Structures are given as structure tokens and as C-alpha cells.
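After this come two complexes, each holding chain A, first together with chain B and then together with chain C.
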Partner chain A sequence: MEFFLQQLVNGLTLGGVYALIALGYSMVYGILKLLNFAHGDVYMVGAFAGYGVLVAFGGPADPRIPVVTLIVLMFLAGMLASGILGVVIERFAYRPLRNAPRIAPLISAVGVSFFLQNAALLVLGARFRSYGTARMVDPATGLQWGPLRISIIRIVVILSAVALMVVLHLLVQRTKLGKAMRATAFDREAAAMMGIDVDRVIVATFLIGSVLAGAAGVMVGLVFSRVYHFMGFVAGLKGFTAAVIGGIGSIPGAMMGGLLIGLAEAFSAGYISSTFQNLIVFGLLIVFLLARPRGLFGVPEPVKV
Partner chain B sequence: MPEIGTDRWVAEFESRRVRREGPWGRLIEWSSRRWLWLFAGAAIVYPFVIGGDFGIRVGVNALLLAMLAIGLNVVVGYTGLLDLGYVAYYGLGAYGYAFLASDQFGIHLPTPVVVAVVALVVFGVGLVLGQPARRLVGDYLAILTLFFLQVFVELALNLDRLDLPFVDGPVSITGGPNGIAGVDPMEILGFRFGQVRDYYFLLLVLVILLIVGVTNLARSRTGVGWRAIREDTLAAEHMTIPSGRLKVLAYAFGATVAAVSGTVFAAVQLGVFPQNFTVALLIVVYAALVLGGEGSIPGALVGALIIAMVPELLRTPAGARLLFYGGLLVAGLTLVRPRRRLAVIVPGLLLFGLAVRALVAGIWPGLVAAETAGGVDRWLLRFSASADVVVSVLFVVTIAVALAAVAVRRRRVRDALLILGVYLLVLVWENRLVEEPSITRQLLFGALLVVLMVARPHGLLGRPRVEVV
Partner chain C sequence: MTPLLELAEVDTFYGEIHILQKVSLQVQPGELVCLLGGNASGKSTTLKTCLGIVRPAAGRVLFDGEDVTDAPTSHRIARGMAIVPENRRVFAPMTVMENLELGAYLRDGDLKGDFERVFDLFPRLYERRDQLAGTLSGGEQQMLAMGRALMSRPRMLLMDEPSMGLAPVLVEQSFQIIADVHAQGVGILVVEQNANMALSIADRGYVLQTGRIVLSGPAAELAENEDLKRAYLGR
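Now for the complex of A and B:
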């Protein structure tokens, strides 16, 4: 039972991270119908920005400012760097291709992804960097509930992931910008005719999605303590899968999909052999896609001539 | 917005030649395809000019990529199915060849039999795995096929310690991460392929056959149906085109082409390894196809040749410099309009470099490496090894300045940014990029994809399609 609960906590942590990444994919897809392959690398840059702040303030063992402030600053730096990067990518790699054939922005996105990975490799080297969270926060602190222990860092990560998703939900459902985003996702041309500045909405979408990815990057750094230039690929693939399972373009779907993937991964790592773990996951995904191509929350689009 | 209603196909109607009929007409038509003759001629001469084994190997890779791109062109360019699992069939072909012609299972069948069996089996696999194409559209199919590729890679990596019933001990089917080494070379009609050059000519023949075949196929009823499906599946169905069947056929056809090139790849490499068939290769094939222009066979060919051969120039510093400064020169001459602006930019660049050099050498002499003789070093800063961080920061600044130069509209500011950007680019290039050829290759590849898509979204030789709203 305690093993089960421990895996549950692991799954929730992972799931929160995947959900945050998936949201960026899903929002961009909802509005532009573009698979933003560079999203995983935006997340990688966020993780490195957090690491940069950590190093700038004296490293994990001996920080010059209180640890809480430091972690907040790391989150802010990661979100800021990723947000700016996302907007820049949109402006230079996707906006000129707004009316191009569907495959052109896809290739452009692949190009951006390649470029970012190798730029990180050139600037930062191939070495793995560690956030060294254990030296920063005593891993023994946290909730103790019978045999189950949840470290404070995991609690922070899960809570902030939930908080970010709540804020996003409110933003999309309650604000004028959110309404404009939903309208643009529904029909871009009609939205433009109704006086919505579509370009601004798209920039806002990229900004929000990238900020979430940046936060996810710092979270992964804090929990798993490992950042490197290629980390965006696998995480991107998983976040993307989460978006697909939830129904790509759907925001609640992305959240659910992320949690499902995180839980599935934690439990299959815990209970099933690891050799065929990926194979089982991909097999399930194929079956799922064939049975329900729109995902859990997706709405089928009518096809017109 | 695209110009709605200006259809090039319609506009060119007057000048379009009437299609010639009969075998004689066909012959005339083929002889008038100058690009094909040019390609064939250059390709035949190439190995004798280039000499060394390495150069021919580059040629082999280019031809393999060309085959893959032309096969993918049928799936993506004609039929419009976004198949992200394409590389899996290349891998299936390679592994199929390795199974039937190596010591892995002790089977050594004659090459034509192996290739035929592999092609047939993969065609069948394509027919089965292509079934979802009937139902799934667009990106959903792309995602599904991407999972197919992942499954293939996982299988190739993990089917090496399999416990089978009635067999003692674990059985290795794919050889796991180490792959299968010691694959037989090909042997056709008694001729044993010993050198890379033999494979080169085999591939050349295959590529030309494929070009002829696909060109004819594209004009057949099937090919017209494919393109109708690409333009509008629903409308095509209402024109009684059996869209489901044709989609599956296109998918399986592409898979078969990939598998056949896979067999040659396995033979030329004398082994198969799972890391040869990953998403990285998929990206390269797509880049080749889209670079040339999807839907165009000469486009796919040119794209594949560029993608396979140009990065090879970057292997040596001399070649890399040639490519870099040549590219800079061409970009300056073509992109700066009117040309007289160059009269401001070039002297500005020179003066700027000298000024920066004098300034930095005066203030932080520790940053700058000891002076080397003449040439570009009198103008450009050479950082000492301890200034690695500075170069890294400058790299990021260079990207920012380059992007700003693209975005700014004011002429003066733009020229200033251009001077700064080019200077920084040369600086970073000489101080870092030239020393890291493999990273630089990937960086340039990524940047090239973005720039190319922005400049010509329909590729070099593709034609813009009219999108009727």
C-alpha cells in the first residue's frame, strides 16, 4: 500500500510537469493548428535559466539569499526566459508562415528545435547539470504520514503546478483575453472580423504556453536534479502525447492527459519490467488513437469540401 | 494573404504543350527533361572526379536520401498523408535484408530473392499499417505513424533477449542496441558488390528507375487520384475516386520504396543498427523533401543532394570557411537592396572591426590571444582560451542582433544592426564555430530550415498551390 502511495505521489509530480508542457502544445495547436516541435526545447531553456539563477546566487550548497526567495527567483527566471523565447520563436519562425502550406511551419519548428538544442550544446556543453536540491533543502523535511513521506519540494511542485493550472483556467474562462483566445481557436477569420487582434492573441498564447513550459523546466530541475541540452526532446514527446490523449486543442484535456501519462509512467516503472515499458506505453497509445482519435476531451471537427 | 484566384496552372494554359502520344512521343518527352540528363551525367562522372572512398560514400548517402525523399514524395507530396513513421520501413527493409542474408539466422539467400521478399513483405505490412489512413486525417495520422516509428525502434532495441517457448536460453532476433553486424554484400547475376563504388552505381540505376516509374505513376489514373485526394478528400470521393484504397496504396508504395533503399543501405554498411532509423533521419528526409518542394520529383532530388552533400563541406575548416564566407557574400549581394547600401555597410564593417579590436586590446588585454600573423587576424579579435564564456555570451547576442536586424524597418538602424550582426557572426564563427564542426553543422541545418521555410514555404522547386477559401 505504501509503495502504491509513493508511486502515486511520483506520478502526480511527473504528471503535473507533463500537464504543464502539454498545455503549451495544446493551446498553440488549438489556435494555429501547428504542432510546435520546438516547445520541448523552450522547456529546456527554462530549466537552464533556473539553473543560471541558482549558480548566480552562490549555488545550492551555500546560497547568498534565503532558499525560499531563491526558488521563487528561479521560477521567475525560468518562466521569463521561456516566455521571451516563445514569443521570439513565434515572431520569427511561425508568423511569416501563417498562410503557408501546413507542412512549412512544421519544418520550421523542427529547425528551431534543432537550432536551440545545438545552441545550448555550444554555449553550455554536453555536461549534465544538477540543481543539487538535496543540498539546498533537507530532503527529510516534508509531510510524514505513517510510512508515507512526501518531501517539501514535491509538495511545492505539485501545488504550484495546480496553482498555475487554476490561474490558466481562470484566465481562459473569465478574462477578455481568454475569450479572445477561445474565439480565435474556434474560427480565426471570424474572430478577426469581430475586431479581435488575432496576432496579439497568438503572441499571448505562445507567451502563456512557454511560461508554463519554463515553470515545468524548473520543476523538473528541482525534483529530478538533472538538466541537459537534450532534455527537451523526450519531455516534449511525452507532453505532446499527453496533449493528444487529452484531445489536442483542449485545455482540460491536456491537464488530464498529463496526469494520466505521469501516473502510467510511475506505475509501470514501479510494477512492470522496464525493458518493455516504453513499448507497452506506445502500444496503448496506438490502440487509444485508433479507438478514439479525438482524445478524451477533443471535439470532432466537421469536414467541409 | 495568398493571391486568391491567380492560379498558375490556369495562367499557363495557353503555353502548355499538348501531351505527346505513343512510344515515340514518350521518348521525345523524356529526352526533353533536361534536369534528369544533367543529373544522370553529373552523377556518372562524380565518382571519377571525386576519387577517394569517402567522397563516394557521401554520394551513396546522397542517393539513398534521394530514394527516400522521392518515395516520401508519393505519400506526402502527392497524397498529402503526413507519414512520420516512414523511416521505420527503411529500417524494416534493412533488418529484413540482414535477417535473410547474414549469419544472424544462418540464412544466406541470393540478393534478388531477398530484395523481392523484403519488398513484398513490407508492401503487405504497409497495406495493413496503412489502414488507419482511411479513417484518421492530418495530424492524427502523423501522430499515429510517429508512434509506429517509436514502436519499431523499441522493438529493434529490445528484441535481443527474448524467451521463446520450446527454445533453450534467450533468443536474439534484432541484436538489440548492437544491431546485426557482418551482413552479406550484395550479389546480382554473379557480380559481387565489393566496393562502395559498385553500390553507388546500383543506387544511381535505382534512383533513375524510380524517377521514371514515379513520373509515369503520377500521370496515371492512380496518380491523378492521389493528387485529387491531397487537394480535397471529400470532393475527390464525390468524384468517385476511391480515396481510402488509394491512400493505403500510396502509403504502402512509399513504404516499399523505403524498404528497398533500406536493403541497399544494410548491404553497403555491412550491418544494421537501431540508431540508424530514428527521428533524426526522419527529420533529414522531410527536410530534403520540403527543401526541394513537396510534390515535385526534381525538387525531392535536389533537396536530397543538397541536404546530404553540403554539410560534408563543413567537415574541414577550409571547406567550412569557404561555405561560410561564400554564403555571407551571396547573402550580402542578393539580400541588400539597393546595392549601393553595400558601399556603406562594407567600409562600416571594416572600420567597426578595427575600432573594436583597438578598444578591447587597450582595455582588457587579457581577453585577447597573442597576435598571429596577418590576414583576418589584424581585423578580428581572437579570444584567448580563458574567454570561452565571453564567446558564449556573444553567440547569444549575435542571434539577438540578427533577429533584430530582420525585424527593424528603419533603414539607418537596420544598416547599423547589419554591420554589428555580421561582425559578431564572423567573430563567433572564427572563435568558436569553426572549432566545433559537428555542432555547427546541426546549428546551420536548423537555421537553414527556418530561413528556407520563411523565404520559400513551397520549397525550391515546388510551386505555390492556390488555396481556395
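Now for the complex of A and C:
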């Protein structure tokens, strides 16, 4: 039972991270019908931005500012760096191809992904960097529930993931921007006919999705303590898998898909072997693509007359 | 008098294909003008050119005396244009209320009075206000598209085949509503397949054939035009 609960906590942590990545994938797909393969690398840059702030303030063991402030700043830096990067990518890699055949922006996305990975490799080297979270926050602090122990860092990560998703949900459902985003995702031309500035909505979508990815990058750095230039590749694929399983284009779908992938990964690592965790995750992707390609929450593509 | 809306010698292309050829038309303030023409003659393209969804390669678009040829769609809507698009184009996964709110996207301030006005006109929409637009019947969706356009308080309403796909009784009703909106002083440019009905309520009309205006004049004269009778009026 204790082991089960421990895996559950692991699954929720991972699930929160994958959900945040999946949201960016899904929102961008919803509006542009584009698989933004550079999204995982945007997340990587966010993780490095958080690391940069950590180093700038003296490193994990002996920071010059209170740890709470430091972690908040790391999140802000990760979100800001990723957000700006996402907007820049949209502006220079995708917007010029807006009216090109659909394969063109897809190729551009793969190109941006390679570019970011190699730029990070060039600038930062291939070395793994560690957030050194255990030196920053005593791993023994946290919730103790009988034999079950949840570290404070995991609690922070799970709660901030949930908080970000609640904020996103409110933004999309309640605000004028959110309504414009949903309208644009459904029918871009009709949205323009309402006076919605479609370009601005697209930029906002990239910004929001990338900010969430940046937060996810810092979360992974805090929990797993490892950041490196290639970390966006597998995480991006998992975020993509989560988005597809949830129903690409659907926001609740991305959240559920992320959670499902996180739990599947944690339980297969816990009960089978961590060697198989990726096999099982991507196996799920294949099962969904074959059996229910529109995912859990997806609607069939509307047929445009 | 300055026309409310004017196209001056407009040429429009889709890629290489030349669609509108030197199209000129005018709508005076408060005037109801109908645009007739066969399939693929360029009627929808004309309306999209007025709104800036399609950009002309040559010629000018003027709204209330202002040259808006290069202005974005949002500017034209803010100045007072609105459209009831072909095939309704309601936002299916959003509620009736949200669709109406989007109609008022560029307005700020209180929309309460505008909701009331639309719901007075279309009581059915009030009953269905929290329902998703995609679950409405075709007729209700048409009402929603019309209500959505009215939410922006337009001075100039563009309508693309508002009676398409409606049962005869609803066709009558929709023409009645067009006449009512017109009576409130809104300029209207309406594209219609139902030429008889359109000419019966319009002040003037234009006939488009493969991208050119081939005929224009007061509605009453057009209704008696022999060529038009043979081609469109089915009598």
C-alpha cells in the first residue's frame, strides 16, 4: 500500500509536468493545426533559465536570497524565457509559412527543434547540470503520513501545476481572450469576421503554452535535478503523447492525458521496471492512435463545406 | 451624399484566379441593396472584400468616406460594419451567449441592452442561451448568426444568403427581420439566391456574373427586367 501511494505521488508529479507540456502542444495544434515539435526544446530552455537564476544567486547550497524567493524567481525566469522564445519561434519560423502547405511549418518545427538543441549544446556543453535541490531544501521536510512521505518540493510542484491549470482554465473559459482563442481555434475566418485579431490570438496562444512549458522545465529541474540540452526531446514526445491521448486540441484532454501518462510511467517503473516505462507510454500512444485516434476528449474534425 | 459603403473598381484574385473584375457598387446610409448572381459569380468574395477578409489587388474600398482599402477587418468592424456570413459560421462548441458576446468583441461597456434587443427579436435564442451553438437547428443557427452581427450595433450589415437552407416559413420570417433592421436605419447589402424575395424588400440591386457587375438599378426595375426574369426569377 505504501509503495502504491509512493508511486501515485510520483505519477501525479510527472503527470502535472506532462500535462503542462501537453497543454502547449494541444493549444497550438487547436489553433494552427500545427504540431510544434520545438515545444519540448522550449521547455528545455525554461529549465536552463531556472538553472541560470539559481547559479546567479549563489547556487543551491548557499544562495544569497531566501530559498522560497529563489524558487519563485527560478519559476518566473523559466516561464519568461520560454514565453519569449515561443513568441519568437512563432514570429520567425511559423508565421511566414502560415499560408504554405501544411508540411512546411512542420519541417520548420523540426528545424527549430534541432537548432535549439544544438545551440544549447554549443553554448552550455553536453554536461548534465544539477539543480541540487537536496542541498537547497532538506529532502526530509514535507508531509509524513504514516509510512508515506511526500517531500515539500513535490508538494510545491504538484500544487503549482494544479494552480497553473486552474488559471488557464479560467482564462480560456471566462476571459475575452479565452473566448477569442476558442473561436479562432474553431473557425479562424469566422473569428476574423467578428473583429478578432487572429495574429494576436495566435501569439497569445504560443505565449501561454510556452510559459506553461517553462514552468514544467523548472519543475523537472527541481524534482529530478537534471537539466541538459537534449532533455526536451523525450519530454516533448511525452507531452505530445499526452496531448494525443487526451484528444489533440482539447485543453481538458491535455490535462487528463498528461496525468494518465505520468501515472502510467510511474506505475510501470514501480511495478515492472523503469526499463519498460517508455515502452509502455509510447505503447499507449499507439493503442490510442489505432483504437481512438481522436483521444479521450477530442471531437472529430468539423467538416468544412 | 457620401455613400456609407463603396467599392470602386475592385479587382480580387485568389492566387492566380481573377475573381472580381472592376466591381463598383455603393450602399447609401440606411439603404437596402441586394446583390444577385449565379453560383460562383463572386458574391461572397464581394462581401469579404468589403470587410477586408479578402484584399483587392486593385481598386478601393470606402466606408463612410474613409478609405479602408488597407485597413484591417477589426478597424472596419469598429467603424460599424458587421457580417452574417454564408453558412452561418456560428461557433459550434461555444454557447449561444458566448457567440453573441463575440459579436460584440470590439465593443466594451455594458452589453445588457444589446442582449435584450437580440432576445426581443429572437425569443428562441433566449430559451437556448446556455446551449452550445452546434446543437441548435439550422434556423436557430441562422438567428444566432444574425443576432451575433447585431451585437456590434452595425451601421452597415453585410448578409450572405441569410435564407439559405431555411424552411419557407422561416425564409419569410428572416426577410421580415431584414426589413425591420433596415427600418431602424441600418444600411444593408444582402446576397440572395431568392431574387424575387430580395428584390421585394430592397431599394436597389446589382447583378454579378462571373465577377463583373452586369446589371444594376432600382429593385422595382430589376424585378421587371426580362433577362433577369429568365435567368434568376424563374418566371
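Keep in mind that, in the parts below, the second predicted complex is superposed on the first by the 290 of 305 C-alpha atoms of A that agree within 3 Å, B and C clash if a C-alpha of one lies under 4 Å from a C-alpha of the other, contacts with A are read in each partner's own complex, and residues count from 1 in each chain.
We adopt the following convention: contacts are C-beta pairs under 8 Å (C-beta built on N, C-alpha and C of every residue); 3 or more make two chains touch, one makes a residue touch a chain.
Computed from a predicted structure; not experimentally measured.
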Inset, instruction - Identify the partner contact of A:G146: answer first if only chain B is touched, second if only chain C is, both if each is, neither if none is. - result: neither
Legend entry - Touched partner set for A:A180, first chain B, second chain C, both or neither: second
Inset, instruction - Examine A:V299 and indicate which partner it touches, taking first as chain B and second as chain C; both and neither are also allowed. - result: second
Legend entry - Partner touching more residues of chain A, whether chain B or chain C: B
Inset, instruction - Based on the superposed arrangement, let me know which partner A:G195 touches: chain B (first), chain C (second), both, or neither? - result: second
Legend entry - Shared chain A contacts, counted only where both chain B and chain C touch the same residue: 305
Legend entry - Residues of chain A touching chain B in the complex: 29, 33, 35, 88, 91-93, 96-97, 99-105, 107-108, 110-119, 121-124, 240, 244, 248, 275-276, 278-279, 282-283, 285-286, 289-290, 293, 303-305
Legend entry - Touching residues (chain side chain C, partner chain A) in the complex: 51, 53, 72-74, 77-78, 83, 85, 87, 89-94, 98, 101-103, 105-106, 148, 152
Legend entry - chain B - residues contacting chain A, complex: 1-2, 76, 82, 132, 135-140, 142-144, 147-148, 150-151, 154-155, 158, 232-235, 238, 283, 286-287, 290, 294, 392, 395-396, 399, 403, 406-407, 432-433, 436, 439, 442-443, 445-450, 453-454, 457-458, 465, 467
Inset, instruction - Over in the complex, which chain A residues touch chain C? Could you list them? - result: 176, 179-180, 182-183, 186-187, 189-197, 299, 302, 305
